[in-house]
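Let me begin by handing over the structure; questions about it come next.
Going in written order, the chains are labelled A, B, C and D, and every chain counts its residues from 1.
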Amino acid sequence: MNKSKLKKITSARLFLPIVCLIAVLLLNVIKTPDFFNVSIRNGVLYGYIIDVINRASELVILAIGMTLVTAASGGQDISVGAVMAVAAAVCCQILSGGQVSVNEYQNSIIIAVIAALLASALCGAFNGFLVAKLNIQPMVATLILYTAGRGIAQLVTNGQITYIRVDSFKMAGGYIGKCPIPTPIFFAIITVLIVYLILKKTALGLYIESVGINGKAARLVGLNSTMIKFLTYVICGVLAGIAGIVASSRIYSADANNIGLNLEMDAILAVALGGNFLGGGKFSLIGSVIGAYTIQALTTTLYAMNVKADQLPVYKAIVVVIIVTLQSDVFKKYIAGLKAKKSVAVEGGQK
Amino acid sequence: AADDTITVGFSQVGAESDWRTANTESMKSTFSEENGYNLIFDDAQQKQENQLTAIRNFIQQEVDYIVLAPVTETGWDTVLQEAKDAGIPVIIVDRMVDVSDDSLYTAWVGSNFKLEGQKAMAWLDAYLEAKGRGDEEINLVDIQGTIGASAQIGRTQGFDDAVEAHDNWTTLAQQSGEFTQAKGQEVMESILKQSGDDIDVVYCENDNEAFGAIDAIEAAGYEVGGEEGQILVMSFDTTNAGLTDTLSGKITLDTECNPLHGPRVQEIIEKLEAGEEVDKQAYVDEEMFAADDTVTSIKVDDADYEVTTITQDIIDGRAY
Amino acid sequence: MEQNVVLEMRDISKNFTGVRALSHVDFTLRKGEIHALMGENGAGKSTLIKVLTGVHEFESGSIHMAGNSNAILNHSPQEAQANGISTVYQEVNLCPNLTVAENLFIGREPRKMGMIDWKQMNERSGKLLESLDIHVPPTQMLEECSIAIQQMIAIARAVDMKCRVLILDEPTSSLDDDEVEKLFVLMRRLRDEGVGIIFVTHFLEQVYAVCDRITVLRNGELVGEYETKDLPRVMLVAKMMGKDFDDLADIKSEHKDKKQGKPEPVIEAKGISHKGTIKPFDITINKGEVIGLTGLLGSGRSELVRAIYGADKAETGTLKVKGKEAKINSPLDAMKLGMAYLPEDRKAEGIIADLSVRENIIIALQAKRGMFHPLSRKEMDEAADKYIKLLQIKTASRETPIKSLSGGNQQKVILGRWLLTNPDYLILDEPTRGIDIGTKTEIQKLVLDLADQGMAVTFISSEVEEMLRTCSRMAVLRDGQKVGELEENELSQSGVMKAIAGGDDK
Amino acid sequence: MKANGMQKKKMTGNGFLLLITIALFAVMYIAGMIIFADKGFAKPQMFLNLFVSNAGLLVIACGLTIVMITGGIDISVGSVTALVCMVLADLMENKGVNTYVAVLVALLIGVAFGVVQGFLVAYLDIQPFIVTLAGMFFGRGMTAIISTDMISIKNELFLKWANFRFYMPFGSTNKKGKFIPAYIPPTVVIAVIVVIIIAVLLKYRKFGRKLYAIGGNRQSALMMGLNVKRTMFQAYVLDGFLAGLGGFLFCLNSCAGFVEQAKGLEMDAISSAVIGGTLLSGGVGTPIGTLFGVLIKGTISSLITTQGTLSSWWVRIILSLLLCFFIVIQSVIASMKKKAK
C-alpha cells in the first residue's frame, strides 16, 4: 500500500522536474548556507530565494506562452525576447512622448500599456499567421521577428534608451506601496493563474493538445487547427508583451538591445526541463513553470558561488545535461533494469 | 558635381548602445551630402564577419575612403591588405586594430580605454586622500562590461593595476554586468548579499550598469554617495542619464568616453585630400565629471587631467 | 526440437503497465507452412510478433530458431532481420518522404562501386512491383500512394528479402479480393520454397484458403494449436471468443420489415466534384438507409465521401442536407449539420495517439459544442464509460493513451467518438478494418440498429460480403466516377462484382 | 501509359522547390546587378565574395542540413566555431603549438562535440534542441574560460593559408582602367568540395538514404530494420566534424579568436538550410539547396550594404523583411503547387 503510493508519486509527471528543482536548491545549502534566509530589510523581503522567485518572473511568463506554442505547433517561438523589447519600447515611447528621459508621464499609462500589449499581440499574430496559415516551420517563421524585433524596437525609440523616471512606473518591476513582496512575483502568479483557469474552464487545452498531436485527425473531428495554432501564437505574443513591460519597469527604461536578450532560449529550456516534449502534443503548464524557476535558481546559485558570468554557461550546460539525462526514458528504463536485475538476483539467492 | 564628392564607406559595429547611436549620428552628420560627401553606411550587427564582407563590398564599389569601427581588435590583416592593394586608405575609429603591419591603416581615431580606467582610479586615490581615508582599508567591487569588449578590457586593466598598486585596497568581487542595467542590478544584488556591509566603492564600467547597481544598493537599504558609510559609485560614458545621476550625487565620478568621432575623421580626410601627412593616432578629448569639487585635477603618467564639477548647464550644453 | 521447425517460442510473458498482454504463450512455426495466428482484438497477436522481432522486451520465456540450440534474443528489428525474420507490421511502417523504390530497398540498396545504383534499384523495383501486379511507378513518392498500395509495398519489401520466417500482421486489411488473391499466390510460392509464414488476419475465409495450421490466443493466453482441417469455422470462432457464436447469421432480415414507406432524403448531392480525383456525381441518401459505396481499390470511394463531409473541399456542385441548401467549408460545418465521418486511415487521420481513450471519445462532441462549453469531467467519464461498454473496448482504463490499445480497439474508440455526437448522417469508411469477427458482427448490427432509429449511413468496405449484409442500396464507382446504383433487389455477390468490374450491363 | 505520365510529374515534383529557390535567387541577383550596376554589383568578384565571406557558414550549414534531415537540429555550431577559433588562436599564439597540430586539435573539438551530442541524442533519446542548447552554452563558456582576451593569429603558416589566392582568368577593370582579376581563397575551394562530397554522400550512399528514412518516419525506419540509433549518432558526429571544419574556415577568414565570435551563426546556418528547402521536421533537404540558401542570405546582405544609406535598425528590419518575403513566396508557391495537383 505504502509502496504503491510511493510509486504513484514517483511516476507522476511532475515528479522529476520538482526533484531537479529541489536538487538545485539543496546545492545551495551546502555552498551558501544563508541561501534560504529571508529577512525584512528596508521594509521588503530580502534574501537569495526571494531573488530567485523575483527574477524568474519574466521567464515564467514567457515559459507559459512557449508551452502553448510548443504544444500546438510542435515548434518554438524564438522571437519572444525581441517581442519583449518591442512592447517595452512602445510602452516607454508613449509614456515619454518622444523624449529621451522624462520625470512624469506624457501620456496615460493605460494607453501606453494597452498599446504595448497590442503591439506584442500583433507580433504574435504575425508569427501565428506565418505558422498556422502559411504552414511555415515555427522556428523559421519566428526567426523573422527574432531579427527584426529589436530593429523595430529601436525604430520606435529612435535608437535611444528611453527613461521613464516615474515612481508609479517602477512599481511593476519593484514594489507596490508598502507591500514587501516584489511585484513581478504577482505578475507571474496571476499570469499562471489566468492561463491555468482558461485551460481549465474552456476546452482550449484539449484542443491544443489534439492539434499538436495529430493535426489531420483534429481537423476531421471539427477543430480549426489553423485558428488554434494562431491563437497560441497570439497568446504567446501578449505574454511576451507583459514580460517586456515588467522587464522595462525594472530598469524604468526601454533598452531595445538588451530587454529579454537570450531569454527565448531559457524559455524553451524551461519548457523542456518541465518534462514537456518539444515536438508538441501533451503539455504540462506547471512543469514549465517549475522549469523556469529551476533555471533561475541555477543562475542565482552560480552567482552566489561567485562563478564568473562568462563561465556560467559551462556550468549551466552541465547541469542541464544532467537534468535531462535523469528525465530521459532511456535512463529511467536503465534504472528500472538495474532494479529488476537486483530483485532477480535476490530471488535467485533465496533459491 | 559627382567628381568632387568624396565617397566614404563606413562600417559600423551596430547599434548596441546609446553611445554607438551617437557615434553613428556623428559620422552621418559629418559626411553628409551638403559637406560634399557620399556616405555608404553599413551596420554589421555586432558581427565581425559582416564587417569583413562590408569592406570587401566597399572595395568593389571603389570608394575613396573606408572608415572602420571594428567589432574586435583582431582579425583584420587579410581584408585590410585587400584594401591597401586596391589603394583605398582606411581610417580606424573607436577600438584599435591589432595588425601585424601598421601601414595597413592610415590613421586611428578613438578613445584610450585603459587611460580612462587609470584616470578614474587616479581620481579615486586623490578623492580618498582628500577625504582623509587614504590609509583606510578600502573594499572595491568591479562590475565589468561584456567580457572581451575593448572597453571592458581597458577599464578592467586600469582598475586591476590600481588595486594592485595600493596595499590597502581589496577587490571584493569582480563580475560582468554585460554593460546593461538589468544585469548590473542582478549582479550587484548578489554581491550585496555576500558582503554588502563591507563595500566602499563600486566601479561600474558603464553608466547603464551603474544605474542597475545604484538601484540594487538602494533597495538593499544602503546609501550611495561619496561620504564615509556610503557606497561610492564610479562610472564611465557620461551619457545624459549618467550625468544626471552625477548631478544628483548618486554617481560620484563619471569619466567620459567621447563618441563624436566624425569631425576628427573629416579632418584627417581633408588632410589626405590635400596631400598632407596625418598623425597615425588621434585620441579624442575626454573629460571627467565629478559630483563635487573635492578633486579638481589628477595626474596619470605625468600628464595632467582636469576634473569638472557637473552642473545642469553642462548637461544641457552637451550633444549627447 | 523437431527437425522441420524454424521457430519456437516458449513460455512468453509480457506486461505493459496495467495490462498483461501475453502470459506463458507457446508458439511453434514449421518450415514451409502458413501458420495463422488468431484471436480477438487485443488478444496479443501483434504483441507476440513484436516480442519476436525485438520491438518489445519481454519478461520471461525463450525464443529458438532452427539450427541453433541457443536461445536468440532480438534487441531490434534489425537483429530480427539479420536472423532471417522479415515482418510486415499491422500499421504500415514505411517512410512517406522516400520513393516507392527506396522504401522497397532501403538498407539493402543495390550498389555499384560503393555508390547506390539508382537505375538498377528502380528497375528491380519495377520488376518486383510488376510481379505483384502493383501499378505504381517506382519513382513515385510513397506519401502519394493510397494506403492499400502502401500495404502492398510493405508486403513486397518483406517478401523480397531472403528470409526464413515471414510475418504478416493483418496484411490484408486494406486490400480487396484481387489483391488478396495475388498475395496468396505469393505466400504459397514462398511456402513451397520452405519459408515459414505467420499470418494474422480477421478474415476467416482467408485462413481457410491458405493456412496449414492455426494458433489461437485469447486474452494474452494460448488457447491451442490446431491443424486447419481439424478445426471447422464455428469451432475456431468459439475458441477465439470463448463462446459459441454464429458470425454468418443473417442479421439484415431482422431489420427488413421495419422499413417505412416514404423515403426522407437526408443528403442530396448534385454535381459535386473534386479536382483530380472525382468527377461530378449525384447521390441521395435517405433517412434510415444504409447505402454502400463499392468499387475497386482507388476508385474514389473515399474521395467521394470526403467531398461530402468537407474534408476535401468540393469544387463544384450543391449539397442539400435535410432539404436545405448547405455550404460546407470545413468538417466542422458538416458536423454541425449532423454529419460524422470515420476516416479509413486510422493511424494518420483517426486516432490522436497520445490522448487518452476518454479524450479521444469526447473530442468530436467537444469540438461540436465549442471551446467555451467544455464538457464536465463527469460528463466525459460517463460518455467514455458508456462507449467502452457498448463497444466492448478492451482498455486498461479510460485514461490509457489510445496508442497503447490494440488496432481493433482503437477503431472502436473512433467509432464511439462519432456515435457520441449523435449524427443524422454517419459515414463509415472501412469501419471494420482490423476488427475481429465478433466485433465486426456487432458493428454491423449496430449500423442496422442505428439505421432503424433513423440515421442515414454510408458504408464503405472492401469486403463485398459485409456490404451485402448491411446495405440496402449500393453506389458503384469506377475511376473516380459514379457509374451506377444497385437497388435492394439487385444486391448479390455476383451482381456487385459485375458492376464493379464494369461490364456492359450497367 | 498512365504510369509514365505520373513518373514525369513526380520527378519534377521532387526538385521543384529547389528550382524555385534557384530561380528566385537568380532573379534577385540579376535585379541587383541592374539596380546597382554603377556600384560594382555586376563585377564577378562581387559574386565570388558571396563564397569568400560565407565559406565557413556553408560548411556548417551542410552539417546542419544533415542533422535536420534526420529531424534533429544543432544550435551549438556558433559556439563550436567560437571555441575552434579560440583554441586555434590560443594554441598557436600563446602555447606555440605547431600549426598543423593546432588545426587537428580544432577539428577534433568539432568531432568531440559531435560525439557527445550524438550520444545524448541518439542513445539517450534526449531532444536535440536541448542537447545542442547545452552544447551552445558549453562551447561559449569554454571559449571564455580559455581566454577572455582577443587573440590575433600571427602564425606565419596560418596567415599564408589565409592570404593565399587563386586568381581567375576573368575579372573587372577599375575606375582607373586597370584590369583586376577575380580571385578565391582556399576556403572557398574547401567549402565547395565539402558541398559536393556531402551531396554525393546523401544521394548515393546507404548512410545518406538512412538519414532521409529516419527523418521521414523514425518509427518506420526502425521497423524496416535500420539501425536508427547508430545512424543518428553518426549524423551528429559528421555534423560536429563539419562544424569544426567550418570553424576552421571561419577562422581563416577572420584570423582571430574571441569570446563573442560567431554569435548567432547557428541561426544563419539554420535559416540558410531552410531557405534551401530543408525541413525542420526532417526527411527533406539537400546540400545544394543549402548552398543556394547561403547565397541568398549573402545576396540580401550584400544588396543592403551596397545600398548603404539605411540606419542600423532599418538594416535589421529590411533584412528580415526580405527574408520573410522569400520564405513566404516559397511557401505560397509550394502550396499552390500542391493545390494544383
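One rule holds for everything that comes next: a contact is a pair of C-beta atoms (placed from the backbone, for glycine too) under 8 Å apart; a residue touches a chain by one contact, two chains touch by 3 or more.
On a predicted model such as this, the values are computed, not experimentally measured, just so you know.
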Intersection of contact sets, subunit A vs subunit C, gives D
Cα centroid separation, subunit B vs subunit C, in Å, comes to 73
Subunit B to subunit D, mean C-alpha position gap in Å, rounds to 35
Per the C-alpha means, the centres of subunit A and subunit D lie apart by a whole-Å value of 30
Whole-Å distance, C-alpha centre of subunit C to that of subunit D, is 45
Flagged in subunit B as touching 2+ other chains are 15, 21, 147-148
Contacts with two or more other chains occur in subunit A at residues 154, 159, 308, 310
Contacts with two or more other chains occur in subunit D at residues 144, 148, 259, 311-313, 315-316
Chain-chain contacts, ordered by label, are A-B, A-C, A-D, B-D, C-D
Subunit D residues touching subunit B in their complex are 39-41, 43, 45-46, 49, 52-53, 89, 144, 148-154, 159, 162-163, 174-175, 180, 250, 253-264, 298, 301-302, 304-306, 308-313, 315-316
Subunit D partner, complex, touching residues on subunit A are 74-76, 130, 134-141, 143-148, 150-155, 159, 265, 268-269, 272, 277-279, 308, 310-318, 320-321, 324-325, 328-331
Subunit D contacts subunit C in the complex at 3-4, 6-7, 10-11, 13-14, 200, 203-206, 209-210, 212-213, 215-217, 219-227, 283-284, 341
In the complex, the residues of subunit A that touch subunit B are 34, 41-42, 44, 46-48, 51, 55, 100-101, 154, 159-161, 163, 174, 247, 250-251, 253, 255, 257-259, 261, 300, 303-304, 306, 308-310
Subunit A partner, complex, touching residues on subunit B are 15-18, 21, 147-148, 173, 175-178, 180-183, 185-187, 189-190, 193-194, 208, 211-212, 215, 219-221, 240-241, 244
